[in-house]
Amino acid sequence: MESDERYHLPADQRLTFVLVHGSWADAHFWDGVAAVLRSRGHTVYTPEYAGHGKDPNKDVTHAMITKSVVDFITKLNLHNIVLVGHSFGGTVIQKVAEQVPDRIKRLVFWDAFVLKDGESVVDEFPLQMRQGFEQLRASSKDDTLMLPFPLFRDSFVNTATLEEAEQMYASITPEPAKPLFEKLDLKAFYALPTPKSYVYFYQDNAVPQGEGFGWHPHMSMRLGQYRLIVGDGDHFTTAHTRPAMLAQKLYEAGRY
Amino acid sequence: MESDERYHLPADQRLTFVLVHGSWADAHFWDGVAAVLRSRGHTVYTPEYAGHGKDPNKDVTHAMITKSVVDFITKLNLHNIVLVGHSFGGTVIQKVAEQVPDRIKRLVFWDAFVLKDGESVVDEFPLQMRQGFEQLRASSKDDTLMLPFPLFRDSFVNTATLEEAEQMYASITPEPAKPLFEKLDLKAFYALPTPKSYVYFYQDNAVPQGEGFGWHPHMSMRLGQYRLIVGDGDHFTTAHTRPAMLAQKLYEAGRY
Amino acid sequence: MESDERYHLPADQRLTFVLVHGSWADAHFWDGVAAVLRSRGHTVYTPEYAGHGKDPNKDVTHAMITKSVVDFITKLNLHNIVLVGHSFGGTVIQKVAEQVPDRIKRLVFWDAFVLKDGESVVDEFPLQMRQGFEQLRASSKDDTLMLPFPLFRDSFVNTATLEEAEQMYASITPEPAKPLFEKLDLKAFYALPTPKSYVYFYQDNAVPQGEGFGWHPHMSMRLGQYRLIVGDGDHFTTAHTRPAMLAQKLYEAGRY
């Protein structure tokens, strides 16, 4: 994996990445990874979407989030893109792909939701955790969900040191709840012939690994034929502490 | 993982470990790991329990084993402990946690049984293996189980050299059978709010990995919210040949 | 794993390997691995079988393929062999083992089919992929299956560079279809006491990893008691680019 390709990539192997972050994150989530990919000759975009980053309005729908990314791609007139979704971003690239399929070379899901037609994100959690999310939602004044630190520490950054965990926790903000509870129509997605990849990190337990649950193979197998790339990491820490490793895995998932 | 924290751990990150071994082992199982953890500034206890080590009486119950560990903890008046169970030791820390919950900072299951309420250890094996254990039990004069070498070599020390396998086999003694067949009341355990971690080694096939079986995710997911740590190793060899790696994983599972 | 045993193996630890390749491959698939194993003191045979290599006749049955390997073993009067099957080769060693059980020290399945009694290879694929194979078969003039490059690239050589993928694709030829669709009588296999190992590479998605599908644990667990060895690799690339790693894993699976 430490081959020369990283540093002397021929022009025809340089890719255009559009990286779509997940919940409790904003576009800065990708800063380290994007820098590595650019240093290897790739073009990288990290669109922000509704309800996140500097957007003061947290009252957003899944359609508004999707529109943010679609508008970003069409305004810049991007083509032949490797569209990467992380976590909740998986549901976003599912819907974006329905709207601009001709602009997409390949979809890459990195520990990302691949929802079934008619399903919501919270449908993919075991009952006890789903009820936990519902309680968090009910106790919010502005219909957002904030992860308690113990849950974040054990489920999102399980491999981090305490210092790293606290640093990452300091950067997260309450997440608009509604898009996580919306059931999505994905019939068009499942008719798309777009090539797909799934990147799975085997210490990622943010959605519990398990019988009838989990990123891979439970959700990945819904993609039908796809390219599998596996690595060692958890849900949030790797982007922060090992961006070069993550960049390499995303490249392996996206390349020709 | 080779960070400075290993060697210059601040006082507030030093942990108190209580390590509970599994079947066909005694407290010396932990010698290598305990030495590494102590060298990094942690306090480590490795209690022996009824029917094991120098105890000549093999006619023991699960309750007697639990009592050995509870008594050890209370007599030394230990608090804020990271209580680690390996293999059968998982069932022991489940029951110990019911009795001294206020003394436990976190439970760590390392390729350990997490039994359902009302279940026994042998209930977690496929039918063919359960019958094998029953035959071993029936052929014993003192109600103990001895692992035949071929089973031990392929299921417990699959990654070892033959020389290492024979060396480890020389140290095992017949295991009291009764505690493996006892069905445990675990209602109190499942009501405990104690934080939990699961350490999974992906070459560990001592309980067969599989659909409806296995350490992880089959048993780990019973913990509800927990911290997952994954590493490369099998059931017995790692403690013998790579104690520093195992110590690091247990630290990652137990730290704040 | 980089221990001295690799290079100074005592005579009583030298093994006799018979390596049986899978579909879309011929005996040259093993060239790199065989060279490494021989350099470490092992004896290695890589029999070609009916319908493959220089055999112009593609109209073969599973029984003819099995006979090729059985005849190879009996003509050379081999004994105490470690019989390794890769992919489709798993079904071949299942049938070979039925015919010459006394010559076999251990069976090693490396990301290989372990069929149930009465099952065919295509029965182990999800419906959509099985239908894809049926369409490929229907469109063939000589009842062979040729993998389209996109399927080969994403499912067989997912971790390869594009250059490596194209190089490996150039070496594959259409595969006789019939043996993949034949349902095999395996009652005798499942009565054999022969020791068994399963080598699983966790980036191998050639048979989709998943709930109710996949190399491991879905098919491996049919072996009952077996030795598990896990490594990092995909279905075809590792033999090509990292033969020493693969040789070490096969040695760990086959050794005493």
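Letters A, B and C mark the chains as written, and numbering starts fresh at 1 in each.
As a working rule, a residue touches a chain if its C-beta (ideal position, glycine included) is under 8 Å from a C-beta of that chain, and two chains touch if they have at least 3 such contacts.
The model shown is predicted, which means the values in this text are computed figures rather than measured ones.
Taken together, the touching pairs cover every possible pairing of the chains. Superposition of subunit A on subunit C using C-alpha atoms only gives a rotation of 120 degrees, nearest 5.
Comparing the residue numbers each copy contributes, subunit B and subunit C share less than half of them at their mutual interface.
Subunit C has its Cα centroid 36 Å from the Cα centroid of subunit B.
Among the residues of subunit A, those in touch with two or more other chains are 202, 211. Touching subunit B in their complex are the following residues of subunit A: 126, 128-129, 150-151, 153-155, 158-159, 161-162, 202-203, 205, 208-211, 213-214, 232, 234. In the complex of the two chains, the subunit B residues touching subunit A come out as 3, 5, 13, 195, 197, 202, 211-212, 216-218, 220-221, 224-230, 252, 255-256.
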